[in-house]
């Protein structure tokens, strides 16, 4: 297991961000990858928890997570100065060899797309980003949208918020497509709840594009030994931790 | 200090064995762990044909334990030989292949193939797979069908022949006596325990196959009891496993009579758990001036 | 909201029951917990004569679990009636007495005494006490001896008659069908699991009787499976227990088919655990607008 | 469960002292009683740990413990400002109705005798105290000897320490008896390892005295419901948590 020092903590309601120092992980991480973090020093809970990498720079990287159960609650108790025990970076990242990119992020799916956007921007690739949330409780997540000088940036919410496009990310995509065509060759990257990804999978607007999605699965190990992270694929099961978490949308089935 | 141990004719450099299903086919764990340093690696359960396993979710965490419903997914014995044996040939560690079938014939077919593979040192037969319908469960539910399967397998297996037991109806002492008569080289005890999880948010049973197998620290006291009773009933060498997560846990199994120890679920939370366990055994022995691991095996009676 | 539940003719104000052996004779828990607020209290297992139990140590902690080797120590049914019934008469809660014996006769003798005590609402028969040599274990190891004991007890017990099952060789569905034929009013599932602990510092088995019973959160997934299978095989009302420590745990047992839930080991670490569990059930039901606990019993199938 | 705020922490090697604020416990505690402390917020370890009360005054009380295993290690991680979850005060204390007292403390047995000495001193009863340790690692415990103007105070160690009587507490008692007779009616109070108590049980010097000993046992609940804290007694088993932990020596068997 690697060790990472928590050098920063930010908490907004149920969302927690840790900035961590761990050169080994930070220097090799690419967008789309994740870490497996130990959440307890006792024998309960026993398994590590997977969290996407929000950004990595120099000796530092960051994770952003929602408190949803036992593990994330325990993790949220750690403070600046505490040490994390973890594995990573794990999994395969997004393809960076695209002429331009359209990023579709739903809720906490913004985590790995934030990292992707920063990276694409750095290497000079133009990006557009649509970010959707279900309700106003998630509004703080919009902080992680990356400001891209050239590209379009859209924020939508299924609940009514004044000044914000009301609808799902699919609605926002359709709306976006009325003003902007998605040029052939655009790399489309999506990360968000299963329901959102499923809707995108059947969407005519994306039919002829190379789309990559990042999947989640309940994980045992995160490094390929236990086969617990199965997700339906076109030909049999995909293993999210070792073959993903990023997959060409065309390989995924629901 | 001497930590060598023996499973019949098979000598292990140390007693710490990676268990089946928690170390992949060898390749997967290798970036994290030098598999030459464990006593043996046991391969994910192989069947004659590839098996796609159960629908997700496949894993659930309980108090100090893990329920899995992998459903014995595996690439099948042929692909294993093609894709993984060459990789394993670059290592010197002992390789144990775990096998399962849906009837006697399919068990025999896999065993026949693997017994011819030079790199394979031992064949471990899973007779208690609770996750698969019509799976091994039927072979361990009475002594007659278990005896029939094991007897036939003994005839085709020329490698070290290990029978992997789980919780079952028959008295474990009776099973051991039967296996001794059938000339089995070693036993692995224990496989997972039949268990259930409920998702209160959906108000439904969590796994699609309903029951799943419980492993991890939660089951250690149950596994210790089984190993204790099995090794009292018979001298067949035993690989004790079930919840081992520390050197102390491993020593407990050795003290009750296991000749080697398996590390399973602990590897999932820490890929080098086996190495830390081995170091724990080493330092405990050396603190007490005990020369050989042999000296403590079965001391707690 | 309606949290009433029923075990045959016995109505409980709520489904949370204190289990046998973890609430003393009633008096001991009373300074910490208002026993009128639980659905029922189950008394420590009573035998005809006082029993001094096993030598210490009697308890050991494993990962999320507890091993006990109390050895069914109890003051005997006569002293219980003299010393504790008057105290219990000042309460209105349901009182279930748990009983055990070393042969059919001694079971019958205790049952005959208790069935005449007005304050006793139910008699729970422990047929699976792994801690006592020649103890109940023998009664649950085959259907014939279990059936013989239960049949005879049915004839003498006029209170709500509960059979407490533990892990056993027979298929739990078959046992339930047998108990249904014998007209048992309810079952409690499960008792502790046979387990072992080792003290590496002395290099010996920890308990003088070697095996001990495992309880606590570690066994919850095993207990859930048993309750699931039992309630699918028969409509006998079931008190589900084994590792319940939170409202969610209790709901899981109700969802798989238990009509009441037992809280045991959790009381040892928190004397008001049962009250917190009851509140947990209440708030979960009310958050979902579920009117009656009846509506969720057996919903997870 | 009651809550107690940790208002002070002192650590010396393997010994930890917590000063806790909990008026409910502090105001009712008497010497010889103990608390059951929760050591984990997860489900492992599950049971509470028994610790004797070192002193209680006003709203505060204190515990002093040695780190010996999982539970005490976890407990030692708590810091000033953290909150303990606990039960107590539990068990029955020492008899205070004695004309004078002789206290025999072995190792961490000093915990409850420290409280007893302070209390007896307060109510004006003359005390003598013999305190023994096995080796110099326990020397910090001598801090908890109570200075009693009139009585004798002796410190001994089985290991050689210059200026300190070398021997067991039984040796020290015999040595003490050569210079000082133990007047009839003296209350003798002993707390320490089983071996020490067993040696005292057969000792002719204490034969005609009223001796009270404090026993330890591995405990499940600490409040009388589980019957796990059995200790051999003259007539059957004693239950340390509910009938003790303080017993007349004459009732105890080994």
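In this document, chain identifiers A, B, C and D correspond to the written order of the chains, with residue numbering beginning at 1 in each.
We adopt the following convention: a contact is a pair of C-beta atoms (placed from the backbone, for glycine too) under 8 Å apart; a residue touches a chain by one contact, two chains touch by 3 or more.
Please read these numbers as outputs of a predicted model, since none were measured by experiment.
Between chain A and chain C, the least number of touch steps comes to 1. When you average the Cα atoms of each chain and compare centres, the chain farthest from chain A turns out to be D.
Sorting all chain pairs by how many C-beta pairs they have in contact places B-C at the top.
Per-chain Cα centroids separate chain C from chain D by 36 Å. Between the Cα centres of chain A and chain D there is a gap of 56 Å. Within chain B, the positions touching two or more other chains are listed as 63-65, 216-217.
Of all residues in chain A, those touching 2 or more other chains are 43-45, listed in ascending order. Arrangement of the chains shown, judged by which pairs touch: all-to-all, with no pair of chains left without contact.
Within the complex formed with chain B, the residues of chain C that make contact are 62-65, 67, 169-170, 193-198, 200, 203-205, 210-212, 214, 216-222, 224-225, 228, 243, 248, 251-252, 255-256, 284, 296, 299-301. Residues 21-24, 28-29, 31-32, 44, 52-61, 63-66, 68, 70, 73, 216-217, 245, 265, 267-272 of chain C touch chain D in their complex.
Partner chain C is touched in their complex by these residues of chain D: 1, 38, 43-48, 87, 217-221, 223-232, 236-237, 242. Considering their complex, residues 40-45, 70, 74 of chain D touch chain A.
Per the touch definition, chain A reaches chain C in the complex via residues 43-44.
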